[in-house]
Each structure stands twice: as C-alpha cells, then as structure tokens.
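Order as written gives the chain letters A, B, C and D; numbering starts at 1 within each chain.
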C-alpha cells in the first residue's frame, strides 16, 4: 500500500450496516475509498458498487481480497460469516475492521484469536464503536485522570424504541448488553468475573409476547467494581444510552442530553468550552464539506454575497450606534435579483 | 473540473484560520484536496504546502488560481485582502468559499456584489459557519415548521474568555456581533432596520482599559422582531454562544450544554434520539476514520480480538445466567502476550 | 401586643389575594392569627370571617384597626385603596404588610413616605415577595459574596400564560415589570436612572387585539449596570420567571427548572445539598403539619404501623443478605384488616 | 381535645431530631404547640422546654402523656425506646407520630402492630417523611395516573457525605436503605419478596476501615418489579437522593437538581408552572412568616416604603417610555434618612 494514496477498502456485507459503512467511507471520511464490496446477494452488491467510483462487486470475500486495489477489509456481514472472512484476511495479511460481535460465540472467537496470535501481530480492530463516541471518550479521560478516585460502580441504561422481529430474550444479552460489557471492561480496565441477570415482570406494552424485556444485568469485575445494566429494548419512547461512573470521590454521568456531568466536591455540572475552535469544530467541517459537495455538483449554496453585504451594513450602523449612542437606522442598497 | 476527481482547492491565507482549513480539507472532509496554498509570507506558505501531498505554494493568489490543479478557492486571508482575491476568482470563474467578513465595510462589499451580479450567477459562499452548526440547524428547522408560531424576539449571548490584544470597542460589533447579525437575518428571514448599542459600565476584571466590554446590542428587524445580543469578550470563564427564540406559542433555546430545549404547551425539554444511527453517527465516522488513519500508518489500534473474545465469553455467561437464574462465573482463556 | 400571644392581624381586602393571605395566616404560618377581615363587600367579608376562629368581619378598615384584637395590618385591597388604609394604620401606630404596588403612582407613594417619615420609624413592609423566594435569595447571597465580581447586566424573562381581560399595554410595565424593577434595585443595590421600552410586533396568538405584548424593557442603573426585561403576558405555554446576572467573572441564573446555575472558571452547574436537614426540610415541615391537621380532625393518615413493620422485615432480610451473600426471601406476617 | 385550640404535643426525645421537631412545631407549622418534652437527660429536657411558652419538661414519657395539656405524641427518641412509648400512648389512646424506624426489628414491630390492631383503629403515623417530599409526591402522582404504564424497575441512589462514627455495615441497610424500602413499597404499592445485597470493593476514600461502603441492594417486589438501590454513605461530595421509575411507556426521574424529569414519547423534560400562585407559594408563606416574626419582635424589616416609591417612579417613567418611545430618565425625590 502506498500511504499517499487513499486506502482501498473491501466492505464485506452490504446490508444496513455494510451499506452505511460504504457511504461513510465514500462521503464522510478522508484518506480511504471503497475499492470493492462483497455480498452473497449479487444484485445488492452490484447496486451498491454502482454508486461508488472505481468500486467492484463480488459474491466471494476471498476473491475481493485478492484484488490489487484492496488494502484493507471492513467486515459487516452477519456474525456467523465473520470467522471465515477474518481467516481469509489473515491469509492475505490484510488489516481488518470487524463489526461486533467478533464472532457469535466464545469458542469461535478463541479460534480467531489463536489465528491472529499465530501471525505474531495484530491485524484486527473490533467494532466496539462506543469507544469512539465523544461522551464516552470524555468519561474515560476523566476517569483516567484519577480526579474522582477509583471507580466503584457503573450504572448503565440501554433503551431502544422497539426490538426487531427476530429478537430473542438471550439477544438482549448477546447483542445489546454486549456493548455495556465492552464499555465496562474498557472504562474500568478490569475483566468481568461473574454475571447475574434479573428479570422483572415483562412489559406488556410493545414487547412481543414471551420476550423477557426488560432485563437487569449485574456484572462483577475482577477489580471489585460492580456494573449494572438496564436493558430495555421495547421502551417505546426513544433510544437512550446512559452511563454513570460512581467513584470514591465523585460521579460522572453521560447520556442525559447534557454532555458529561459530574458531581464532585459539593457541585454538579459540566465544563464550558474555552474556544470557538472547540465549540464549532464540527460546524466548520460541515461547512467546508457542504461547499465542496455543492461545488462538485456545479452549485453555489450557503450564505451569499448579499448576506455578507447586509451584515457589513448592519455592523457599520452598529459601530455608529456604539459611538454616538441612541438608535441608528440601517440603509441597504437594493437587492439584486440574483440574491432574491 | 471532473466531478469524479477530488476538488482541487487553493487556500488563500495560511494563518490560524487558513492553516486550519488546510488541515480540514486534507484530513477531515471527503472529495476535496488542497492543490495550492497562498501567503504573502513565502516561508509559511511553503511550510504548509510541504505537509500536503501534491500541494504547491504561492505568494500571489492570481498565480495560484491560474493552476490547472485548482478548481475552487477558499479565502482565509485578512479582511482587507478579500476584495482583490474575490475579483481574481471571478476573473477565472472559480467558485469561492470566503471567510467572514466578506470585506471590511459595506462599500467594498457592495462592489463585490456588483461584480458577482455582473457574472450573472453566484460564485461565492460566505463563511457564516453558524448556519452549519447542528444546534443552530435544529433551531432553524424548528422555527421553520411554524409549530412555535412567529418569532417575536431573539435573545443572544456571545461570550469569549478574553479578547486578543488588538481588539477595539468597535470590533465587538464588527467582528463578534457580526455573527449574531447573520444569525438574526438567517433565522428570522428579515433584514435588520435599526441598531441600538447600550454600554454598561465596563468590566474591570480582564478587559483592557478603555475597551467598552461588555456591550448590549438591540437589532430591530423589518418584520417587527427584536434581537438582543450580549457581547462580552473578556468574560474570563469560557466561550458561550446561546440563543433563545421567543415565539408566539413557545420558546426554543440552544447553547446551554443541552441540545435544543423548548418551552411549549406547559412543558420544557428536548427530544430523545430514536435510533442508534442518529445517536452514534459521529462515533461511527470517527471509528472508521481512526481505523483508516492507523492502517495507512501501518498500525492496528482500537479494540482487539481479545476484547471481542472477552465480550463473547461474558455474554455467553450472561445468557446462562438469564436462563438458569443466579450468578454465573465467567471463565476466560489465558490472555496471549500479543494482547497484553 | 403581648409577644407570647399570636399576632392578631387585620386583613384588608378579601379578594383573591386577600383570601389567600387569610388562609396562609390561618393554616400555613405560625405565631399569627386572623383577628379581623375587611371588605367593602360585606357578604364576602363575613363569609371569609366565618371560616376562621375568633375573626370579625368589617366593611371599614379604621373600625377593624380599632379592635383590641388587632396588632397588625395586612393590606391586600386594590391599589387605589392602599393610601387611606396605610394612613389609618399610621394613625394607630400599627405595623403593616402592604401588597405591591404600595400605591398606584409615585405622587401618592411619596405622600405615604412622608407620612411614615413623620412617624420617625418604619411601620411598613411592602409586598415585594420575590425577595423571599428561595432562588432569588440564593442569587442575592451569591452576588453579595463578590465571588463573581461586580454585576454588569441582568437578563430577565417574565412570562404569563394569559393576561386578565382588563390588562392594558401600560400595565405590562406598572403591574408586571414592577417586580423586575424591584428585583433589579434589590439585587444590585442601585437606583434606576433611565428606562427604554422596545415594542416588537405583537403576538397574534393569544394576546387581545391592541395589547402591546410582548415588550422589551431596558433599565439603566445609576451604578452603570443594565437590566433588560422581556415581559410577555400572553405567551400561552406557562408561567416563567427567569433571571441571569452577568458579572465580571461569571454568571448566575435562576428560573430554568434547575435551582441556581452558575457559569464560572470554565464550569457550569450548581451546588449539591450537603445534608438531609437541608434537602428534606420542607418535607419534614409538611409531614408534621399533615399529622397535626389530621389529628385535629380526629383522623390518622400517612404511613402505618404495617408500613413500619414491613420495612423492618425487609431490612432484616437485607442485613442477612449482606452478611451471607445471595438472595434472601422476605417472610411477612399476615396483614391485619386494619391495614388493608 | 378541642379542635379549635392548637394541638398539644408531647415530644419524646430531645436529641437532634427531637429538638428539630420542637422547633418545627413551635415556629414553622400552624395549629399545634409543644405542650411537653421528655428526655431521660433532665437538663436537656428542661433547656428545651424553657425555650417554648407553656411547655413542661419530663423524664418519663407516661407522666408527660398523663398531662391534660397533651393531645398527641411525637416519638423522636432512639429506636429501642419506641416500643414502650408507643404502648404508653396506646394505653391513653393518644395519636402518635413515630420517627422511623418504628422499632429496631421486625419482632418488636409485630408486637406494636398487634397492640394497635387490638385497639381497633389506627393511632400511629410512622415517620417515613419522603412520602411528604414534593418531588416524591409528584413522582407518585405521575405513576398513579397510569400515563407511563406499569412500573417495571426503580433505580435509586442514596449518597451521604460521611457516615457518623457509630455506623456499621448493616446500618447501611437498616438505617439508610430503610427509606428506599418504604419508597419502593409506597410508589409501587407492592410488598417486597426478596433482597440481594452486592458489595463492590469498599471505597478507600473517606469510609472507615472495615465498613462495607458502598453497597448495591436489589429488592424484588411481589408485583414483579425490581428496585435497585446504591447506598454510599461516605461519598464525600454531597447528599444525593435520586430515583428513576422505569415504566412500560416512559421513565420519570427525581433528585437531579431539576424537578421531576420524564422521558416519554420521544421527549425528555419537565412541566412548566402555569401560575404564580404555584411558582411562588412558598415565597408568599415565607414573606408573611418573616413579617409576623419581625412584628412580634417589634421590628420592621423587608422592602420599605422607599422601595415601593422608587418602583412606582420607575414604572411611571417606563409607561412614558412605552408611550412616547426612546429613553426616559427617572426623577427620584430625595431619600429620607429613615430609609438610608
């Protein structure tokens, strides 16, 4: 791989998640491009490939990985297909981003781990994407400073509006709580030693008959911390992911609509941004992305020269008002039809 | 310009803002690349160009715009230099993203407007980037639904930790309140007809002697709405940008650390995300960007196969705990040194 | 007046406000009783007096004040009647709590002031009750510490669901903003030197035709601070009273549903109660009041002995669970019919 | 007891809690007075009695209850003394408010219950005062409307700054979680069928050696709901009592500094007061109480006639500003020395 060129990625699986990753690589991130897509549904693979410059469609993952244009692999197929794709990538020594779960069970995950260990170096990043969420990142950074002392408990809430039709009681653990399992291990730096699952009387509103929903899971870590998780996949009202770390000298909470809120030394609250580069970083990215996208389409959108002129005229009046006191009227030139 | 190729951008000015835009185009957005940079400080231009593949350095904007590699221009030089650069871009019919202010005064802005009008089509997007901020976008979208009725007043706060040394009393209007001027025009869709500036006794904490800081500006729109702005550029404690639209049937507020908060029909509060694609959209982007960046550096970072395996083992124990009740211990394989 | 006896109060005016004060003195506060009520509507006065032990009804304020049972006067009649009642109280040297406004205009207020000054000592407390509101009291206390530096601006919002039918445009100032006038003077300790009233286009939703609603009032104090007030008496959605003090080193805000929230030194937030006596002070008062009220009615309400027993049984099981680990079942005795 | 007279209360126990109740009955609530106090520490009883008009001091509870002046009993002695005092009150058929715990264990509580049941009517209210806290009352009221559907889980947090020296690991359950036990039973209307206590590694910051602090308690109700409680009596940073009820169609949370916050139908938030009588009810009570207290002391405090006059003068200027536009200066009379 030539580092100067964009990374050529083969995306395995073009379902909801795979297609979203294709769009992401094509439109939202820099330095990578979708070189190939793979799906056992040939038509779907071709439809997705057609929307991306220089992208080929395949029904076989190994075939796609054999292409010179492919530098790396993103696995977004269904869980049972992961092991084979991972081993194929290992055979070609390709780096992989593999959606969670790594594989559907511990035994197959162990086989993958042994195969990677045999390569002697890491090739795989697993898609536990909460580790990249700004709120979780801030929570982790705060815990790592040690300001709050050692974490003793982690209270977590994980609520979905409704579960898909195929969802079973055990998938609340293996599909949903899987995120909190990783979050617990990552935030605390402990392995989990024991699990208890409590089952309140199921909700009769929304949840399909027979589904044990909600559940309440208690994870005990080998560092002596507790992590409790409410998982409620048919709560009906929204998608809520909340976490509170209770430490020896304070607590820190994310997911309430606010950013990170701490309770410490007699005060609750959050931090105030110190700079516009921080507050509006994303707005600048979005502005320039919107401009580049429009320009490539041959369009001009966004604030116009009229807007720039009108602001200048108002500010001039404002400066006069500042200097002379009282109310100053703004005189605008006639608006050209171009800016109507 | 071939739409399939990345947009080649000439960035005029490589000071703080220009350098940030260079980094943004190079590293954060897709579909564009920095083809040229321009600065009257030749050394600075060359230092910036050296960090970007295939980027040339120039001291003359017109020269840079003459390059075949340049499809579009981003102007981030100081305000007085904008007019000349804009006219040069018009001469070559290049699309422009021009940082605010468009030009330093209304007379020069009017000249630019006439020049663009003479071209017969829009070429310029002005850099009022608050229109791209997620909170402002939500506020605008809510106002546009008409749910809250007609906006009657806009209360705005604009606070900086400290002003730069060269800041004058009139720059609080022309540099800072300029943003609220545009926000008022954009949110309400009205032109501004009159301005009043009130000057409380200046802060003696932080603000340089003689600077009229804070100021309180009242804008009257031709639609009969009021927009008041507190501008306080030496508040000392943080960067806060807040806006509340008071409408006939409710209010909507941004900038409090919360997202958009409304007061309407007896209730205050905000909306709850309905889906993980919305809640974690940015986390997915950041995850894949981090993976692509690390991969191009030849590294593997992020959650490992061990993390994937450990999560699988805990979830298996969890499913057993769900099914059989009680506490289930987790058995983990030995951790290979690769994942230490 | 014998200090050991409850204070005998004559309440002048038994309209909505007067009747509420009668109930308050009779039922909610200690150390005072309603000795007499006065209303030009004789029937109404008698109806109110009939509900209170040992209370007499009058149509003439001076007559009521002549009663030996009357130690103090609470004036809650309409504004124009205040002056006469105040002078009558002065004649008998009775202490007065006079609802705001003191009198309807500055000239009559001046006459009252001269009459009190002639007595040589204060007899009157004016009913600016926001000075007794817990949030305002906390805001005042914080400002008085000087932690935030000198106050520079006060931003206030005053919103009512709907104005009464007799409300005129000038009453938005004299009846509603009157509160913010006092709050500004009290919080800042300044007199107000100038007033400006801005009138956005009136709301067409809710506000009666011809009423200038909302209005935006700017008060300038002789200490150089600004105090701006949004008054909006037909906002439709709720009663909101908010105030933000912007000081040299931070801001403090009340009325957002939260208690006092400050922005200072890079952080926003509030304080955490340090003790249950503070957090639950009102709950204890309400508990004992409810018990005393029920007992006087010959009833027993509230948590029962069964509740006390069940809690004891659960706690015993809990202590066993703590000591021995695992899940402990609770055995309850049969519930006697008395506690059904 | 004559209902027209204040209720004569004997307060048993004059420690911190008892003394606070004496003050409460004497100064904060209406319709009751402290007729007698009882403490085995004679000096303390006499010191407390000396501060209250017409209050006698006793070392024997039964003796105090024999007084004609005593209509009711408030038991605030230590837990082990409750049973005897309750039985003495039963013997005289006196109504009782008994601080929690009713008695120290389930067996003695059962004896008290049998004794009351034998009387054939309720005489005792147990001091679970959270049932009188405004936030809990609102939460209970909301759950009782059924809007949120059936409660499935209750998440509770109970944090103290520091535990007293005599506190033991089991007192975290029997003294502290006792409140959440009652709250769970009261809010849900279920009995509790099983208890599990989980013990994270103790905090090493603040908590005395050997104290199991924090603990995490899971209560299972006979209605199939779960109630989990974090109890952390040496958290160091504040006193926090929080509860979230997770129901079939939404959640409701108290104790976050906000009032009741719900998540329901895609929105989080709270209600807005509709009226000043609701928003400022307590301020009015406090105002009139402060006035009555000052008046009985022969003082006049609070807003003065000068304040009333100044407000009138400003409002008059404001009405002129409204009518004629622009800025109107306020002319004040000279301030008499009385109001300096």
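The definition used in the following text is that a residue touches a chain if its C-beta (ideal position, glycine included) is under 8 Å from a C-beta of that chain, and two chains touch if they have at least 3 such contacts.
Which protein is which chain? UniProt says A, B, C, D = Inositol 2-dehydrogenase.
Please read these numbers as outputs of a predicted model, since none were measured by experiment.
Two chain pairs are in question, A-D and A-B; the one with more C-beta pairs in contact is A-B. Most remote from chain B (Inositol 2-dehydrogenase), judged by the distance between CA-atom centroids, is D. Taking each chain's centre as the mean of its C-alpha atoms, chain A (Inositol 2-dehydrogenase) lies 49 Å from chain C (Inositol 2-dehydrogenase). Centre to centre, using the average C-alpha position, chain A (Inositol 2-dehydrogenase) and chain B (Inositol 2-dehydrogenase) are separated by 20 Å.
Distance between chain centres (mean CA atoms), chain A (Inositol 2-dehydrogenase) to chain D (Inositol 2-dehydrogenase): 44 Å. Residue positions of chain C (Inositol 2-dehydrogenase) touching 2 or more other chains: 220, 237-238, 240, 257, 263, 266-268, 270-272, 274, 326-327.
Those residues of chain B (Inositol 2-dehydrogenase) whose C-beta lies close enough to touch chain C (Inositol 2-dehydrogenase) in the complex are 149-150, 152-153, 155, 157, 198, 200-201, 203-206, 214, 216, 218, 220, 223-226, 228, 230, 232, 235-238, 240, 246, 248-251, 256-257, 263-268, 326-327.
Those residues of chain C (Inositol 2-dehydrogenase) that touch chain A (Inositol 2-dehydrogenase) in the complex are listed here as 261, 263, 266-272, 274.
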